[in-house]
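In what follows, structures are represented as structure tokens.
Each of the next two complexes has chain A plus one other chain: chain B in the first, chain C in the second.
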Partner chain A sequence: MEHMLMGLQYLFSDPFNIVLFLAALFGGMFFGAVPGISVTTLGAILLPFTVYLTPAQALMVYGVMYCSGTYGGAIMAILFNIPGAAENAPTAFDGYPLTKQGKAGLAIGAAVTCSAIGGLMSCIGMMLGTDAIARWAIVSFGPPEMFAVIFCGCALASTMGASSTLKGWLSLAFGLLLATVGADPVGGIFRYTYGSVGLMGGISFIPLLLGFFSISEVFSNASIGVSKESIKAYSNVGVEFPSLRTFWQQRVNILRSAGCGFCCGMLPGLGATLAAFMSYGFARSTSKHPERFGKGELAGVIASETGNNAATGGAMIPMLALGLPGGSTTALMLSVFLLHGLEPGPLIMTQQTQMVWAVFMAMFLANCSILGLGYVASKTVTSLLRIPTSFLMPFIFVLSCIGTYALRNSVFDVCIMLVAGLFGFLVKRHGYSAAGIVLGSILGSLGESAFAKTMQMSDYDWTIFLTRPFCAFFIGAGFLSLGIIAYRSLKSIRVATHH
Partner chain B sequence: MRRLSFSKVLAVAAITVLGFCFTAQAVEKPDNYPKRPVTVIVPFGAGGGADQMARALLQEVGKNIGVPIIVVNKPGGNATLGFYDYWAAPEDGYTLLQYNDDGVTHKVSSILKQDPTVDYQPLSIAMIVYSQIYIRGNDKRFHDWDSFIAYAKANPGKVTLGNIAQKGNLEEVQATQLMKAAGVEFRQISFDKPSERYASLVGGHVDALLEQPGDVSPYIKSGDMKPILSYTDVRPVEFQDIPCIKELDDKVVNIYKVRGFYCRPTLDKKIQDYLREAFKQAFLSENFQKYISDKYLVDTEYRDLDQSIELLRGMMETYAKTYRELGYIK
Partner chain C sequence: MNRQKTYLGEFIVTFGIGLVAFLQSFSFDDPIELYRYGANCWPAAIAISMMVCSLCLFLYRRYVPASSADTEEEEDHIPFRRRIPVFVIPIIFVLLLPYIGFYAGILIFLPVYAWFLGQRNIRKTLSVCFLIAALIIVVFTKYLFVPFPVGTWPGFYEFNSALVAFLY
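Coming up: the complex of A and B.
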């Protein structure tokens, strides 16, 4: 408590701090919302300028940007099916269908509130989090456990967005196959590159994400043609805010997603993306109506946004306690430390108490501000949808191209995005899942590298997955959920043939 | 607090004085250059070690040539994507390249056909860093190089070494050198992300780690990691009490992480000279010297074109020799 007051006192003792806070809040939100460029981009640009700030100010800026950026990505995902970053992809699964149903306000309202709730809960977790917890996490979770968690995440979310179980699994498997393109994580052997330099680095998931989500949407709109109805459907924008009762009904979902997000955030290398997908997968598999997911189920938006924002606080623990960043934004924070001659790592929590708590409080307040700002935003941002589709779609197309190009200044990536868009448009018509493909390609590369390390560690002994308790638990949970999904779908097929 | 050796202070002072001498006879500024901002392609991600160094040095270079320098990060393809982009750009002095030892290894293993000493050449070698082997500070099984090797010999094939180890890269060659010099086998485990690599040692998932000291200095100071061997010819000033690889095997030719900036020799000679001088002044500037002062460099010497090429050639020979031993090339 004393520490909290100390942090608050620091924040408000200098008006310049408040200006910085607001600038970071809006900057993060803006960069988070525009696809391709992200808070990491903004952070890298700002890095040289942070030498003019005190370490606490600089870190506060990054902490606030981190929180608001993760939320910013949700807006575009819900309104236009353009996830600002991979961690916002599951938000689009249900957010965009809600927008199509004229419930954009509801979806954004839920996203705002849950981002804030998830963020606040993880802030509290972060303040309680200590060196001991961070150490426990890295000792207990080595490569075998990482693989098990990723496997479990894949299994939970394996059928999302597909018309049948088989098509869902096929989509996921195709995504996993895409992840194998490029150099393999151990020997650097090139696979499926066909001599192309562009493919040697692997297929980055941002072009896939934008291709499968936004570009395929542009194509399907073009195929429908611009009719008066389609314009009318979009202009029917609700600014309804979810009621308190809705949130109360979702309390279990919110708590579970926050917990799940926080834990994923704490593991170096996994972070917010897995957090969002896992929370979404959990929400879907424990729901009474899993068939509603992907068609505009508010619980999906809630799970995904709570999860990815909860990861922010989780990621701060290993970063501050051990100097181990969980993602690119926390890696930039480490650079800030180094620029100021501070050594991140085990000593920072005890030696720099005031600074650490100023950052904690800034992140706490940032999450509170998201709640207020988001309420205003959901009423204004949704008016973007009043733009007729015939104008909106070219705009989305251009924005996606720019976003993909900006990622690493590569025309090749833009081509990948266009191919993915066309492909996504075709397979979605036949009930395959674009979400599954994207999930497979993101988790595939993480999972493969964890698997390879595990095999090197155990000298290619498979039983390592069953002899480590956490590992066995997650592998078991993964197989269990695959079994349940298969059983359910077989049962429904049998029922259908009997009739 | 690390000790600053007297010789090091003296060397920096001498370099600074020398720098001033050279400023006096400044290289003539070419006509019509530079007229617009200069782009430097960095084939590595934003925020990483290569990128940080590039931004630190290029800020000073920008001051010297009077136009802003734009850093374009283009990671991917084992650092070849950015290289191909640079190679496709017109050679007018407005697109330059930052590259590291990948340029050398890619040439030797024929991934790239361009030779960093012939087809493109250093403007400045800005950073040369050595590697070390680390163990956990609280490991009960061993506490220094001798006890570590004794343990490894007693448990053949059991000891794991965390590394970036991709076929033919600096770290893989260094691990091979070590196994040969010490006469033991390690099981190498490739961690591509730095944070995972550090966590793997601190978290107890590997027994030892091959890293550069500048990247893990916080863990050395906190006692989480303990260096037990340096990949240097003589013991570094900062680590006088731990052995260097040359003491194990005096035939080892050390290779280093070498980060520098490049242009093509076909670029207008006047512009080349002008840029080399600008990079040199930037290297010797107070800000950049301060930046590299705590990065655990092999040395802080400034190398001119001939010296830089000599360094790169020496590395190419070492790599070629090791690759032949490993059977990567004939």
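Coming up: the complex of A and C.
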């Protein structure tokens, strides 16, 4: 309670914090709602400018954006069958059929309420769990465990966003390779720099993030365009909250989806997307009327939105306690830590207590605000969606250029961002994973550093990975995950060749 | 046939990246006193795994019938000629940035890109783009102190410098 009050005191002691909170809330909802330009895009654009904020303010902005953005994606999924992000895809399965039945308001109302409920439940879990996990990690976590968790995270996330397993692995390997450019973490020997001064400091993750997420989406949206007619048709949608009786009937679905979302959120690299799909799958398989799913069943929207928002709190635990991002938005939060010279990990809970609790409380209030302001925001977001792509895309491109340039005042970085954008556009079209490349480029240097430290401390004895229990667990889980993925792929090959 | 060509092209690119990275890793294999594996062990291992993955992917596509995963790849029928400006204009903008400067650059880039993206009302395009540019310039130069490039080409340098002087 003392920590909660400390967090609240920080939030309300400065009016600028309240302004930032509201801006992040509406910004996250808007960017989460626009397909392609996800909350990650907004986060990537804003990242360089967080140096002007205190670490607590910067993290609060990202925490609030994360919560509101996850909900924001549901609006487009329900209204236009275009999920704002991958985690909103299951929402569209039943949300869009409800819209076609003239029940868009009911679907949005259910999404608003369940996003808030899922988010609040996961916030409570995060507040109770992070400290305990961090305290345990202080005594139990060293470089071998860090390497093992990174390996496990990479193994689990390897196929995220890719059209096939091998493409996912290739994307991740390419990201890991990008992370090796520049000086090596032990001896400071330059690698793959080709005499370029710009590459000697390594490829910064900001141009890569902006290139792969923001610029590639500018290129895709600019070359495809958005149907203005469809947006105008739904710009006057109202919000209708489901009755208390409906919620009581769905209590098991909500609780199960919240639990499932929270646990999935803790898995690095999978987070909200896995949570939404698993929650939806559970809801359908346990329903008395599974045949109604996909045809406009409100329980599907409830399960998906509760699950993906419940993942937000879960994803914060490995990020804060272990320094491991659970997805692209938490990877941006990790970037905020690095930009401010802070090291996320077990000590963060004891050394930066006020900052961490300010972020927790901001996320808690953001989820409460989703419930309160969901109505207003839904109307505003649908109105803002009328901004033509022809104005929105050049604006986002210029903002991305500024964000990259402002980092080191270097046009070279802007060129890297542009190359990453073009490359991102191509790899996404061919089914490779831009998220995998970015995750690899962020985790690569951390993984190499942890591996080198492990080898030095064990005198190059590889059995250290098997003799330490948690290390062995995560290495085993990583190999098991790779094995399952490989087995499924081989099984599908066998089925394909059989037919 | 086209699909097979695409697969071969993808294989050449991904395998080529891995192969070049692996061969280049020998250029920084100097021993490190504190670390037996040296600076090249990690990137070489990644490069090998990349080559193995790309080879497996190529063989999979070559000998296994097209699966649903392959057909999921995004395909549309917008002519490539129509798309060229979407990519070329930003590239030109970034390449010219050090010469024409940021301020003059965005005043030209924003309306030109908006026009190529389908905005045909010239008065509306110019006024909206001018407002966006003014907002960006004021916020990032006046309040966030971002030192944008002012260019080197005659005329552009004077214009950009005059604008910065006006803002301060």
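The rule is short, and it goes like this: the second predicted complex is superposed on the first by the 265 of 499 C-alpha atoms of A that agree within 3 Å, B and C clash if a C-alpha of one lies under 4 Å from a C-alpha of the other, contacts with A are read in each partner's own complex, and residues count from 1 in each chain.
The criterion applied here is as follows: a contact is a pair of C-beta atoms (placed from the backbone, for glycine too) under 8 Å apart; a residue touches a chain by one contact, two chains touch by 3 or more.
This one's a predicted model, so the numbers in the text were calculated from it and none came from an experiment.
Student: After superposition on the shared chain, which partner residues are touched by A:323: those of chain B (first), chain C (second), both, or neither?
Tutor: A:323 sits against chain B, while chain C stays out of touch.
Student: Return first, second, both or neither, reflecting whether A:331 touches chain B, chain C, both chains, or no partner chain.
Tutor: Once the two structures are laid over each other on A, A:331 reaches chain B alone.
Student: Identify the partner contact of A:186: answer first if only chain B is touched, second if only chain C is, both if each is, neither if none is.
Tutor: Both partners, chain B and chain C.
Student: Which partner does A:302 contact after superposing on A: first (chain B), second (chain C), both, neither?
Tutor: Neither chain B nor chain C is touched by A:302.
Student: Return first, second, both or neither, reflecting whether A:442 touches chain B, chain C, both chains, or no partner chain.
Tutor: A:442 sits against neither chain B nor chain C.
Student: Can A:388 be said to touch chain B (first), chain C (second), both, or neither?
Tutor: Touch partner of A:388: chain C, not chain B.
Student: Looking at the overlay, does A:46 come into contact with chain B only (first), chain C only (second), both, or neither?
Tutor: The answer is neither, since A:46 touches no partner chain.
Student: What is the contact status of A:210 with respect to chain B (first) and chain C (second): first, second, both, or neither?
Tutor: neither
Student: Identify the partner contact of A:266: answer first if only chain B is touched, second if only chain C is, both if each is, neither if none is.
Tutor: Touch partners of A:266: none, neither chain B nor chain C.
Student: For chain A, which residues lie in the overlap of the chain B contacts and the chain C contacts?
Tutor: Residues common to the chain A contacts of chain C and of chain B are 186-187, 189, 409, 452, 456, listed in rising order.
Student: What does chain A use to touch chain B in their complex?
Tutor: Within the complex, chain A touches chain B at residues 40-41, 43-44, 47-48, 135, 138-139, 141-143, 182-183, 185-189, 197-198, 200-202, 204, 268-269, 318, 322-326, 328, 331-332, 335, 338, 341, 343-347, 408-410, 449, 452-453, 456-457, 459.
Student: Give the list of chain A residues in touch with chain C in this complex.
Tutor: These residues of chain A touch chain C: 49, 52, 163-164, 166-167, 169-170, 173-174, 176-177, 180, 184, 186-187, 189-192, 215, 218-219, 222-225, 388-391, 393-395, 397-399, 401-402, 405-406, 409, 411, 414-415, 418, 421-422, 428-431, 444, 448, 451-452, 455-456, 460, 492-493, 496-497, 499.
Student: Could you pull out which chain B residues touch chain A in their complex?
Tutor: 45-48, 51-52, 55, 59, 72-78, 80-81, 84-85, 157, 160, 165-169, 187-193, 195-196, 198-200, 202-206, 217-219, 221-222, 224, 294
Student: Over in the complex, which chain C residues touch chain A? Could you list them?
Tutor: It comes out as residues 6, 10, 14, 17-18, 21, 24-25, 28, 30, 32-40, 42-43, 46-47, 49-50, 53-54, 56-57, 60, 64-65, 67, 69-70, 72-74, 76, 78, 82-83, 86-87, 90-91, 93-95, 97-98, 102, 106, 109-110, 113-115, 117-119, 128-129, 132, 136, 140, 144, 146-149.
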